[in-house]
């Protein structure tokens, strides 16, 4: 049986609804329609009254979830696209994010953000917003890159007492398939060595893990380079132990991400490695992100806007030639 | 109500004496509206999400007065332990959410609490209420929250205290409808109008609105016309309120009217009211004294943690 | 209107043939509403901020048809040069702003354009219009924008195409009022109701609303009842629309009604209409052919700059 | 004559309204009331019809400004507190931020954000949001630290064709005074060496410039250390030339900021210096921010939440002892 990434998200929600009466789903078009990406298909029928269509009101969607969490529920909110969570920004960072620190009462809720670029999606259906939510205190931000992680990390996210921003990558929805959802038992906050290596480390997350592995394979064929790929899995908090241990082995770091280049995950990774593991570095750490413009619509511009295996290899060659 | 007025009068003088930092926000003139709403709700069953000018409603709902003094004075023993202050306090697991500053944001939070009760099968007979000002109705959060509550037909009461000004901004720069009550129909909710200076009228109207919500008639919107008899905060002298408005019908003090109404209706006489006043003054004095004796939060002991979970321990349950 | 229908029919088949990426969003069934609004506005004087289903209004307002084909096909010569696609196009310095996807966000943008004209002393006789769906009225942006426009008494026309569904979500999960028109009063704006399948009625109502705005009576809200006769986008088969609704009065095709109305009123006969159809088919064909011949954007030449200014050259003016 | 920081902001707006008919002001309580901080006092009377009170509608405030900018105006929007701009986040990043790239038409507008902590202000009246707006493409983000900069950078901001997020620090409003507003002619995007030195560089901005200078003075007294303080002035884009030149001189970097610690300006600075100036560093670069919790209300907690001269000195001693 082959399971696609988006199916794993659906299965996880099915599992959660079945096992945990505190769980319910709230979002636009998620009930009988099954959601814009079919991540909730069939769930409204299987769990009557627990999969609710919301009005087009992202701010109130999160406010509702915070209220429900206060009453002991475990809401999962689906944003139709991550980009529309900009409307819910205030409720996410100021209502949900501050609650535990202010009151001592945690608000367990999960926000699913269909994230990242796909060809033709343009500036408002392609964004990666993990940096925005990670900057504010109080939130956990996860970015699963594999089918099994999509499944297990969603279940773990809902089990956490704190608000979790679950960034699922739309490009992986149907493209990424696996023979099953069996996981490797990693806890939520741990990074994973996706591909071991010794000459350099690529630290990345979400869909870019796959581009990094492709680039690493090419570098291997091309010059026998053994590139280690670290999948952060969780970007807030960061598993610096795994990252530093990898850099200690390889001496070289490329931080890779699909988000905009100012600040964000790659800045945090490079700056923490430079501060905490300066002596481990044999070469200047490198960063590689998408460009500092909105995500363009045209597939040709889009492909040039984000890192690809070709351009990642260019960066790697520079890194290795230092 | 009496408690609220006494308490806030004290807080105002403490602020002026430099004993409270950050600001003091009073509900002076709005006690009748707020307390009559809070009084219609039952602690332990209902939900009340107060806003800026709701000391009256908090006290009537059952928030211990010590929560107020501790939070204003930043006591480490208070519900917010010095991490948040003044009106930003609550007991969120007892149906009293702690407001954030962003106006309108509580409407959906209360709705979510009610929705949760419904899903749990515990909504029967429960009401959730929250307050907002004339200015707060201009926020997208108010609109989205009330609309969503109406769609779910939740037992929500939104009390709009139309005190004619939002900080300095008069109603004609805030909205263009004749009466905020006209909004109720557009949300498909029931609307109620009341003179917010008239205590008995407030009691009747709030009771009616809360009852209707309890009976399952969906969200209720109460619009109370009144004036705040103080500045936005104690740093503000409200000089933007024209003398004609102050001396007009909204400028009446609901406390005086309430006292007169009680006497007139035979509910209490002057001496009883005076004795209440004294009792309340005592209680306020004690709550302030207690909070003042308590330790400040200690930054060295502070747990600088905005999350409750150590993620590395989270595996599949 | 004819143009819009022909154009969109073509775009739909190109999408199905895999020639258009990202999606095609049709206004099928909404041409009468949209075109009658666009037709009441004057290019070069008025402002029109179209939304998803406004090909009819764009064409009637005067957007060159080539802007549409170029943007859908991603031509480097189009107004968006491949940087944005499909319906996210405009000519913002000619009174035709380019929409962002976030629903409701255009209401305040048009209002700001009108406010600017007022400050410049150039508002006389100008109208600004924008569209929204039933679902879009639930956004905070819609609420904040319309309220602010009402406060400024701007000559804004908001056309609400109530097509009963927002993507798959039926009205009863979107709002609880009997009629979206009930919202007008709550904003203090004038409201107009119209059967959106009835072309002549749309023309009359839009003309009335635009006129009133032009005369300085402040914002106007038109609510048109209708159905979209397509999916949300061409990827969607709209199977959530019940057969009873499809075959009901809203399911009528405004194009057929418009043709019949023209014949009946003696404005045009069948042959004339047929000849328009042919002319339009020709024009659409040419616009598509032109755009298809044009180059894609070249990523090597692309200026990856989201700002227009080199800051190091900015000193005090 | 002594001019306070907030007066400089008022004077700049007075100047702009006087000199440029395209300028108008929009915000809550800014007309006859003069604004929550009196930054527009008297301007409504002096420029009738050009200083407008808005409803409590941050989203529409920015939408209106974008529309007005399209029509050739130069709106200045005052947020009552930076924290409330969370409601306008969508219009700022998606409407204003994307406009030039998408259409080729710039939208010149300035958003004034009263930013940063003061004692007793608590979680929702203390935020520093420069990282949020810098992450998204299309915006200029400035953070004046001096009275003269408050004046000149506001005038320059309005002259820029792009949207500018002008972060003014509330702590400096009345506390920071100067004998005048005479500037040094620096262009908008340039950093300034506020205090020259040779043993280490502190790169910072906004109110932290003053804390850094205090710390540097102490280090001088204490051990003769000569600490260079660089005031970024503009955080997007960053003047890396000035930063790298300073690090080249000193070999040591502390990036200091008042914002939350994940991502943000200090991460961007450290990661860019590490990447672009690795060989210039004689010690691991350090970062120092506020803590990863909401800004606490109590003055004692607040003082421990943000960097102070004492704690900056601690960080400097560590940096210098490497």
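Per-chain residue numbering starts at 1, and chain names A, B, C and D are given in the order in which the chains are listed.
Convention: a residue touches a chain if its C-beta (ideal position, glycine included) is under 8 Å from a C-beta of that chain, and two chains touch if they have at least 3 such contacts.
All values reported here derive from a predicted model rather than from experimental measurement.
J.: Between C-D and B-D, which chain pair shares more contacting C-beta pairs?
T.: It is C-D, judged by the count of C-beta pairs in contact.
J.: Relative to subunit D, which chain's C-alpha centre is the most remote?
T.: With centres defined by C-alpha atoms, farthest from subunit D sits C.
J.: Averaged over CA atoms, how far is the centre of subunit A from the centre of subunit B? Could you give it in whole Å?
T.: 39
J.: On a C-alpha centroid basis, what's the spacing between subunit B and subunit D, in Å?
T.: 35
J.: If you average the CA atoms of subunit A and of subunit D, how many Å lie between those two points?
T.: Going by mean C-alpha positions, subunit A sits 30 Å from subunit D.
J.: Provide the list of subunit B residues touching at least two other chains, using ranges where the numbers run on.
T.: Only 80, 83-84, 88, 100, 102, 138-141, 144, 147-148, 151, 173-175, 305-306 qualify.
J.: Can you pull out the residues of subunit D that are in contact with at least two other chains?
T.: 54-55, 57, 59, 83, 86-87, 90, 94, 97-98, 101-102, 123-124, 137-138, 291-294
J.: Chains as vertices, touching pairs as edges: which of line, ring, star, complete or other describes this one?
T.: Topology of the interface graph: complete, with all chain pairs in contact.
J.: Within their complex, state which residues of subunit A touch subunit B.
T.: Of all residues in subunit A, those touching subunit B are 24, 49-50, 54-55, 57-73, 75, 87, 90-91, 94-95, 97-106, 137-140, 152, 155-156, 159-162, 183, 185-190, 234, 237, 239.
J.: Along subunit A, where are the residues that touch subunit D in the complex?
T.: 83, 86-87, 89-90, 93-94, 97-98, 101-102, 123-124, 131-132, 134-138, 236, 255, 259-260, 262-271, 274-276, 278-279, 281, 283-287, 291-294
J.: Under the stated contact criterion, what part of subunit B meets subunit A in this complex?
T.: It comes out as residues 79-81, 83-84, 88, 90, 92-93, 97-98, 100, 102, 105-117, 119-120, 140-141, 144-145, 147-148, 151, 305-317.
J.: Given the complex with subunit A, which residues does subunit C contribute to the contact?
T.: Contacts found on subunit C: 21-23, 74, 80, 82-86, 88, 100-103, 135-136, 138-141, 166-169, 173-175, 240, 296-300, 302, 304-306.
J.: For the complex, which residues does subunit A have touching subunit C?
T.: 28-29, 32-33, 36, 53-57, 59, 81, 83-84, 86-87, 119-125, 291-294, 296-301, 303-305
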